[in-house]
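Each of the next two complexes has chain A plus one more chain, namely chain B in the first and chain C in the second.
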Partner chain A sequence: MLSVKNVTMKYGNHTVLDDINIDFENGVYGLLAPNGAGKTTLIKLLATLHFASSGAVLWNGESITALDEKYRDVIGYLPQQFGFYRSYTPTAYLLYLSALKGIPKPAAKQRVDKLLSLVALSDVKNVKMKKFSGGMIQRVGIAAALLNDPKLLLLDEPTAGLDPKERVRFRNIIAGLSKDRIVILSTHIVSDVESIANRIIMLQNGKIYCNETVAEVCGRLSGMVYEAELPTAETAEFSQKHFVLSERFEGDRAFLRFIGDGSEGYAPKNAGLEDVFLYLYRDAEGGNADTL
Partner chain B sequence: MNYNEQLRQKITAAEQRRTKLNANIEAAKPNEKTGFTEFIRDMLFGLGIKNIFYGIYDVVAVTAIIGAAVIALMSGLPVGERQINPHIYGIVFSASPALYLLFFLLSFLKERLEGSFEVKMTCRYTALHLCAFRMFLCGIFCMLFNALAAYIAALRFGFAFSELAAISFSSLFLFALVMILSLLRYGVKGCFIPLAIMGACLVLSVFPWFNMLLKNIPTAAYLILGITLLILNQSVLNKINRRFCYAVR
Partner chain C sequence: MLILYELKKQLEKPFVWVCLAASVLINLWVLVSEGYSCMKISQQNQAVSAIGTTLISEENTPLLVQYLDEEYLTSVMRSGTGNPAEWLEFDIGQNVLLYSSNAYESGAKPLIMEISEPVFAERLNELQRNGENLHINGGEWLLGIVIPKLLMSISFECAVFAVLISVKIGGHEFTEKTANVVYSTKKGRSLGARKLAASLIAATLFHIVLTAVSALLLFIICPCGNLLSAPAFLENMKTGNIVTWFSMSVGEFILANAAFSLLLTLIFGAFGYSVWGMLCSVPAAVFGALGISTAPFALGFFILPGERLWRLLFASCPTSLIIGRAGFWFCESRNSIAIPGFEMISAVLWGAITVAVVILAVYRLKRVKL
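And then the complex of A and B:
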């Protein structure tokens, strides 16, 4: 349904996206990469906020630039920082956005009520948004992105600023929405996508490093992840010799999850998405990753 | 597979190709709603004035109050006194776009603070559509305001109304054009360019040669210039409506 064809995006001499090709079908896509790797650029490109230096984005085979408002009618977009009118209520603001999206007023009222209920904001639907917490604002943003029942939902770092409870609630909402639409969720927080994404897209040096299921991505570290149990005093020495993914301490014992070749004598563990992310971007400060 | 089945398959394939081709041709056709009148109608009846100025009602109110205060002040000036006689042309030229620029500066600053630009750009009626329509309405309002101010000034200071009105008319749309082009080129920061030019013109109005220059240009030339600038303005606004903003952003 949505195809990104040979898209390159440059800012001056800096190439952010380099000859990207992706085909999206209904389901949740987790766009996973460190900050500065080009996730937001790709999302903005799909949201028509940026235009590719070369290449094309096609919706059902037609260029999104040519489709123009017909394309905007099918997208829902939640930016990294959702802008809102502080002195307005969520109901008023969502009705305004509905008007901008060309939704007739009677239908908009019903839709707004339904969405506010979906994001658990019905109780405060007539309270001014200046009194809202970051999480509540983010939920208004999610409702705004869903106003036109979009076929393509673009979420840029949607869980930023949410507490753990709200993150879980958000994940459940997204999982429920993904049956009949494309959801592209950009994040650098692995847990946001690990449980709900049908496919994980990782960016590396402006290119697509992988576009696979979670199991396939984790399979890249198959037989390479181990867990060592050591006295706490020995962790520093161990860390110098191995690439340690995570550390856990219990009393004077330390449990280190690390990348190894099996020669250490430990049994291999199942690799998680976070292990892959940490290993892949171990030297990265903006998406420069090593190849697995 | 017999000959008839093969033929039927070929016909089906040809029909599918033709349907696809027709769809492509339809998609390639310019949007029917590209005329400026259609744009105005669509915005007025599709979106409505309430939504066009949503979030900036306070800016509208401030601009209207300032405009009304200026008219009230001018109306209170004593008749026949020509204290500002040497500078009147420069002042009219520089001050005519003031209300227009004030409105847009305040509305852009407010919208920037709210940070809702990105979400609006993904809607059917984008932030650029709103901006284009506000410019159109504000242009008309300021033209009427300037005409009234020119009328009062002409009455109070004994100048020809047509002369002052023509200067303010051309000046308004000159600055409006500079603003929209600056905006498309430099974004929100661009709206400070016409403001800086306006300030420079106000300084220039102190010098007699600048006033003489403005005075010596025939009224007809101002009118022709004003109409040309108005058409150029509408053309740029229409380009926004036609989403040519893709090319200029």
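And then the complex of A and C:
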């Protein structure tokens, strides 16, 4: 349905996206990379807020630039920084955005009520948003993205500011929505996508490093992840010799999850998406990463 | 339907109504002061003319002179003291309050007269040049001369600052960064024309209110003519087109004010919108906003030369501020964030404007003779 063909995006001499090719079908795609890796650029490209230096983005085989309003009619977009009118209530703001999305007013009212209920904001639907917390604003943003029942849902760091309970609620909403639409969820928080993403797309040096299922991505570290139990005093020395993914302390004992080659005598563990992320971007400041 | 949303957004902030109230008050102040001057002159001028003529004509006669036109105590001229306000010049057609020193000290009412002969004007200016027969009260000098003079001197800079402040207080889009949300919607990119139309409608509504209130007050308080016959500028009635290049009635002044503001909204708004659309240019948006709001000041100097210019310009300023946001308003219908370094460009641009305005204001203040 949505195809990104040979897309390159440059800011001056700096190449942010380099010859990207991805085909999206219905389902949840987790766009995973550190901050500054080009996730937001790619999302904005798909939201028609950026234009590719070269290449094309196609929706059902037609260029999104040529489709113009017809394409924007089927997308829902939650930007990384969701702008809102502080003096507006969520109801008023969503009705305004409904008008911008071409939704007739009677239908818009029903839709707004339903979505505010979905994101658990019904109780404050007539309260001005300047009184809202960051998490509440983010939930208004999620509702705004869903207003036109989009076929393509673009979510840029959607869980920023949400508490754990809200995160779970959000994941469930997204999982329920993904059956008949494309959901592209950009994040650097692994747990946001690990349980709901059908495919994980990781960016590396402006290129697609992988576009695979969670299992396939985790398989890249198969047989490489181990957990060592050591006295706490020995952790520093151990960390110098190995790439440690995580540390956990219980009394005077330390449990270190690390990348190894099996020579240490520990039994291998199942690799998780977070292990891959940490190892892949271990030296990364803005998305440069090593290859597995 | 979208245009109604845009109009509602334009009108819903309290700041907008504060601007309208300020505009109404300033306009009323201009009209009422002109009306009262008109009545006073017509009632008293004839009676005091002869006495005033005598006072001015006599050499070494202690005098106190005040500009009636300014409606505040300005320079008071007395024998034996000096502190000339050099920028003041007495000329034919001006109205002055005349006191004898004895009458002044005893609290007697002043005489009001118009300087009708060149010899009177020369005599007053001679007194002023020589520094004789001048006395200026410190408090009155500060409130009556210094502050108004300073305000006049930096009125343009005040307007620029007022625009920046109004954008912050009254603006929705530029400061709240809704561009991405709006721009990615189906109709978000064709919003500019609707915003321009909403600006024009809002400005028209404001001018209707302004005209109605002004007219009502004029008829109630200042029954010195009807809307289309009462002179907007007193000097024009007495001396011909001195304050403006053309005679204007109150009604014509209000209509001209409205038409002028609407025209500027259209020109600068359309310019800002189209250039912004083509170039995604932040400077274009700034130009649009500043242009709309400050053009009345700049152009006013060409079409409304005269002593009271600043009052007339301030009278049209608040409504200009309201619609002056249009330049920034268009930012929402364009993806400003798409410009690399947009935040930095904005910060530098706004900083540069602020610094330039302050430097200009300081430079111009230094040149003001007080």
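The criterion applied here is as follows: the second predicted complex is superposed on the first by the 292 of 292 C-alpha atoms of A that agree within 3 Å, B and C clash if a C-alpha of one lies under 4 Å from a C-alpha of the other, contacts with A are read in each partner's own complex, and residues count from 1 in each chain.
FYI, contacts are C-beta pairs under 8 Å (C-beta built on N, C-alpha and C of every residue); 3 or more make two chains touch, one makes a residue touch a chain.
Source: prediction; values computed, not measured.
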| item | value |
| --- | --- |
| Fit-or-clash call for chain B and chain C when the two complexes are aligned on chain A | clash |
| Partner chain in contact with A:97 - chain B first, chain C second, else both or neither | both |
| Which superposed partner A:47 touches (first chain B, second chain C, both, neither) | both |
| First (chain B), second (chain C), both or neither touched by A:188 | neither |
| Touching partner for A:169 - first (chain B), second (chain C), both, neither | neither |
| Which superposed partner A:77 touches (first chain B, second chain C, both, neither) | both |
| Touched partner set for A:12, first chain B, second chain C, both or neither | second |
| Which of chain B and chain C A:67 touches, first, second, both or neither | first |
| First, second, both or neither for A:269, with chain B first and chain C second | neither |
| Touching both chain B and chain C, residues of chain A | 44, 47-49, 69, 72-73, 75, 77, 79, 81-86, 96-97, 99-102, 141, 144 |
| Sites on chain B touched by chain A in the complex | 23-24, 27-28, 31, 46-48, 51, 54-55, 114-126, 243, 246, 249 |
| Complex contacts: residues of chain A adjacent to chain C | 11-12, 44, 47-50, 69, 72-73, 75, 77, 79, 81-87, 96-97, 99-102, 105, 141, 144, 148 |
| Complex interface listing, chain C residues touching chain A | 1-2, 5, 9, 12-13, 172, 176-188, 191, 335, 337-338, 340 |
| Touching residues (chain side chain A, partner chain B) in the complex | 44, 47-49, 51, 62, 65-69, 72-73, 75-77, 79, 81-86, 88, 96-97, 99-102, 141, 144 |
